[in-house]
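Multiple structures are listed underneath, in structure tokens.
The same chain A turns up in both complexes below, where it pairs with chain B and then with chain C.
Let's turn to the complex of A and B:
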């Protein structure tokens, strides 16, 4: 069932969603969620001429949905309309959107040559060329690729993992696979310390969120079907939960598949879980790994999609359970990067304006680390505050005693 | 997940209770499905403007005991005078610490505020840029009123305001004028300004240059002795700072009126409370909805053991005590079916009116109050509700979910929300469930 289809009828026109939209806050030309979502949906039924190109300014952060008192799926309505009606004009920006959204394709191509690729994308000249030709903003550093993928590393460790009495399946996503295998390795350590083994899905593709954000819904739908099939297999064969360390991957697998892509995931949806909620439950049931004191201060930033899933509380409570750690919870607001959005030249200024308050608070905070659950928030915070930003799992791995 | 106390609903009642729980050192969570009635309110705290029989009240404190004797079912009568005023004092302090100074008349009288319709409404405590008219209206000091129409802004109509104000007998000798002012920032917009809501204008005016241009225009149309009526169009959370700047630049006496929703005045209160709650260590589950709970028998009463939400379908949230602050119909605290009204989470007993016909008056803008507005959850004197006649001993009901009063007709919405939120936490601390 695609709930975005008719949920606009529940809208009472109160405009509260627009109050909490980070893009409308920073860009007065963006009409905001009410006009682009439920108002526009009504008109678009009448004629596609009412489709407004301004919809592509939406970052798909879903903060409008968290605010709406009438439970309208405002962000979904906008995302669905973009997938259906956005015209793809063949120009260099389309190529840019293509590159930014094919995280797995370019990951596969780049990881074998990581040091070279990282150097190239880091060079000032290449940055300027990309800015001028395809519109990747010159202020941005593209994510670094790691040398060798997580999957490859895991192959050597797989047999060990099977000795543990309990198992989970791990959806690592593109980021862990190509950019930050260390996060996956840390997860493995933490789980092993809790006497749990880690499995991978037989195969997985990018969850599809950058494809959705860039309006390539057909390709995203293909990935979704592929992933649902592989997750179903894992559940049928091993009956494991499917865990993700990316707040965005898990949100997409659970919610965007049915709501935006119209892909049925009902047979696995209850098995998919974001890592901190799984861990906290284990901790509370007495299965916490031994942790030494971490006498540090951290600021915690809530990613938009974790906020929308209502799961930020798990991460926060998990961090509060780490002995010695001082946890400061920042105002929940968008960092401005929103996946691929802030990389684009035309969005750079708005993206920086959205994140300004967050960056300033972090800069003034005296913290040892920033912690967040989302890889793109991490890039944005590190790039604009110079504070090392890590995943909750990285921190817990630091505390392991053995 | 386990807490000392869990609060269902993030309106003024829920936040009052939440902040009090944190003060008492309890591990506290608030679960709130979307923004509250504050997003539609004036941002003034109504205490008590009328008795249920329609008599006007000038000084709520002076008549309190008599009121409590006459209307024992009213929530105020259960809370008692001392706690009602203690809670308001506490609320005032809390909000001042969050940057929103609220004031009331020194003698404890209600005051009138001018509404967006150009009528007068009696309230008790207001934000800084609300001009407080005396309830003995003949004693007012107003010389001239200037009502500002923002060009192209459709959610506020100055003509209606000035027309209605001139009907008020006590105002017959004062000059009331309405003047149009344009906002320069509209001209560069790629959007139709007629589609702009208060929040869009607030964002344009958050620019220092825009606000000084606006100030110049206001200075030309009014002088410091006038009351300048402006629709609430400043700030996205920091509205008072923008108004302070406007006041500094112009020296004018500004009176803000809420516009069609969203009401920036009410949003200010909600955001201040929410930020305070998080900073003080509370857990806020925003955009989530409590769907059901597990009750267990406890002697001849019931005990709420745990609750489930849209996001926590499998893993229950447990607490020693729970507070229900889920509001009224508008916030989905109640649900009206064709022939029946229900409290949707726990199916608590309501003081419903059987006949659908008698839920409301014939006229929408009727002088008499609509009976459905007094429908609410039946409670004992500790504000514990009942489920099929059996008391739930660790659940406390607050705010507009309660039966026995009409927040609109009796002008007591926020007062009841604050005092019952505060009082419930007192009850909870006395409850044996909290072993501290």
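Let's turn to the complex of A and C:
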């Protein structure tokens, strides 16, 4: 039995979740996590008439769960209900949701022709057409694809990695594979500088978070089983930790699998770790790479899923360990993009409203970079502040002396 | 106290429970003028303090075939005329390893002989129908049990009766009967809320006061022996079972688990109490423990489920043998005091069950109508109650607010169309049970609501997980707007309601119920200083004074 099913009755209706919900604040049509989560769960047992289509307005940011003093998995309850009861209407928006959530499929199709695809999706005409037909907002730039995948690049480098005495397995995720192989390459450099070698899982698929967010739970569950199987193999064969550079991928692999998808990951869950908590521990144990001074100022933005994982402190401390770096920690708040949410025409305004305070704070800062752990936060911040936004690993790689 | 209002009617009914309100409706439909009196709100006595089980009769099939027969008849009728009060869940009679499986065939045989449909299920089939039933069951029998909302049933009876000219006086007690020789011709009454006295003159008086009927008889110097038996129940936070679950054995303690609306109920215990205790029922720790332990045998999940509150009711058992207590009836007892005691003008209808309220009303009204020379036949079994009417042409509506859906369950879709449809009307007051401002306005104006407790019985306000934590202050404010209450009066309503909720929470003050109660206390006492409202109320008699000025 998954946790969401029996946790709702611990809710004492304090409503703190709704106070902290970024969507409820920005969109009066969203009833908020309390009503959609624990209240709704109780009523939906009586009758499915009480399923409210407004649940699709939830961004799955999980800030409600971070806020809850009663340990209610509010966001999970909403996600589970959507997976079970959301009605799929066949229309152009369903096609859009399909495209946005099939990161694997479209990554595989697009990377060979990246320059062409990027040019097409960047064209104003195509943006207008997509806005009017399938409802991808015309203000949004779709993520750029890289030419060639990270996996392909890694094949050439794999033999070198064997020489290191310690090994980790890297769950690169779709973003590193199809959009930003440089982040994976930076990670490899950083780890190698710490005398650690990098392996990939035999195979991996999208962690499933965009599928969950778009209500395609069956497909997400298939991916989850596939990934758990591959992670189990890696653990059994090599007994390596499994690291991720995406705060959301690692959160999904660890928590959404059992809580939302009802997929048992108990045999690997303790091995999965978000990169900064692994690195900080290494640093503190004396295994920090040699870093030169980086005399820059950065603003750090905490992604929602990292906040929910309780790991923001690791990233912040890691950044503070970089010599010369001035770290300004921003208020922890949602950027509004929430993965695929903010790309949708109907959510665009709300998404911008949610992120407004963050954008203004960043614009008013004199930072050289924004730093965040999440790829979609990065897109949203860059698009709306024009400040280059990088991953903590990118920054540390900059500081490597060798 | 100079002026005393006087009313005249054909029939005066004492008692606004299921029986009394059913008689009110029956009279009204037959064209008999009637008035109903209750010392409290409608459905505030035994009617509102039981399982709310729509018996199929199966529970009585082996031990009391007459009751079983009555139940299955009324079961079929109520499903037709009161569909908004009924949830046709079906019920299971399960045999556990500690029970005798051979009882099952006795049970099935007894059910068939009174016309109750049964279906024998394997444990696997039972678990498929009801995943939360005890998986160690040896077998189960499915019967057409269901749930019956007694509050809705009474409110609908009254609403329908009023349409035909009947009148109701709640919070009004009989102080004495007005007699003309060996005939009762009316009653002197007192409204306990306003302290106003009034008199009702009637050709016939019907005593439908349930367990309190003994007192009413005493006003007429008649003696009826009643044996009150307390039955305690627990309310669970949410609906843990889809089907009613019974034990397939002779009736015993805590062996019925009923899914009622958004919650489930486990009950009951049974304890004989002294008649002097009927107005001060307490649920003991021991009863709570028995209910949880026995209930978990029906559905093991119960043990892990949060308990919202406990309550108790009194079974109105009547001794029909003449006072020595040897022949106590659980059945319907209709006493024509003209025949029995030589006192005309008074009829008592006692005993019975929630299930048989309509039948009891029919029997009583038949007797009284004959005395009044009214020959109209009973039609209560044919005419649907308001709210029950429109189920046939129910259209699935796409964008209905959750509050409207919830309200449609409670009042029927026609009533919901009357609600204030403005943004304010649609705003939510009770979040657990989805009660809107519009529904509250409707209840206050149309359903004889005078305080928050009455409002709870009409709408489920405050019956959900938070037990009034979030809705009480919102709803009490609405009494200023729709119920001609002053600010101070509505504050008193707030305290009254919280005290009433508190009474039921006290016996189960552990785990999450404790956390919830603590939080509620923190809001109302810590934040609002609610206890001062009553203090100020007693210290100051000047009603015009604004107490909230600093």
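Definition applied: the second predicted complex is superposed on the first by the 401 of 402 C-alpha atoms of A that agree within 3 Å, B and C clash if a C-alpha of one lies under 4 Å from a C-alpha of the other, contacts with A are read in each partner's own complex, and residues count from 1 in each chain.
As a convention for this text, contacts are C-beta pairs under 8 Å (C-beta built on N, C-alpha and C of every residue); 3 or more make two chains touch, one makes a residue touch a chain.
Computed from a predicted model, the values in this text were never measured in an experiment.
Chemist: Put the two structures on top of each other at chain A: do chain B and chain C fit, or clash?
Modeler: clash
Chemist: Of the partners chain B and chain C, which touch A:399 in the superposed model: first, second, both, neither?
Modeler: Touch partners of A:399: none, neither chain B nor chain C.
Chemist: Quick one: classify A:70 as touching chain B (first), chain C (second), both or neither.
Modeler: After superposition on chain A, A:70 lies in contact with both partners, chain B and chain C.
Chemist: Just chain B (first), just chain C (second), both, or neither: which does A:208 touch?
Modeler: Once the two structures are laid over each other on A, A:208 reaches no partner at all.
Chemist: Contact-wise, after the overlay, does A:317 reach chain B, chain C, both or neither (first, second, both, neither)?
Modeler: Only chain B; A:317 stays clear of chain C.
Chemist: A:45 contacts which: chain B (first), chain C (second), both, neither?
Modeler: Touch partner of A:45: chain C, not chain B.
Chemist: Answer with first, second, both or neither: which of chain B and chain C does A:28 touch in the superposed model?
Modeler: first
Chemist: Give the label of whichever partner, chain B or chain C, reaches more residues of chain A.
Modeler: Residues of chain A touched, chain B against chain C: more for B.
Chemist: Given the touch rule stated above, what does A:173 touch, chain B (first), chain C (second), both, or neither?
Modeler: Neither partner.
Chemist: Touch test for A:14: chain B only (first), chain C only (second), both, or neither?
Modeler: both
Chemist: Once the two structures are fitted together, what part of chain A is touched by chain B and by chain C alike?
Modeler: 14-15, 35, 70
Chemist: Of all residues in chain A, which touch chain B in the complex?
Modeler: 14-16, 18-19, 24-25, 28-29, 31-32, 35, 54, 65-71, 270, 277, 280-281, 284, 307-311, 313-314, 316-317, 329, 331-332
Chemist: Report the residues of chain C in contact with chain A in the complex, numbered from low to high.
Modeler: 237-239, 261-262, 304-306, 402, 405-406, 428, 431-432, 434, 464-466, 469-470, 512, 515-516, 519
Chemist: Quick one: which bits of chain B touch chain A in the complex? Just the residue numbers, please.
Modeler: 1-2, 29, 33-36, 39-40, 185, 189-191, 195, 197, 199-200, 203-204, 236, 261-262, 267, 275, 278-279, 283-289, 309-315, 331-332
Chemist: Under the touch definition given earlier, write down the residues of chain A that touch chain C in their complex.
Modeler: These residues of chain A touch chain C: 6, 8-15, 34-35, 38-39, 42-43, 45-46, 49-50, 52, 70.
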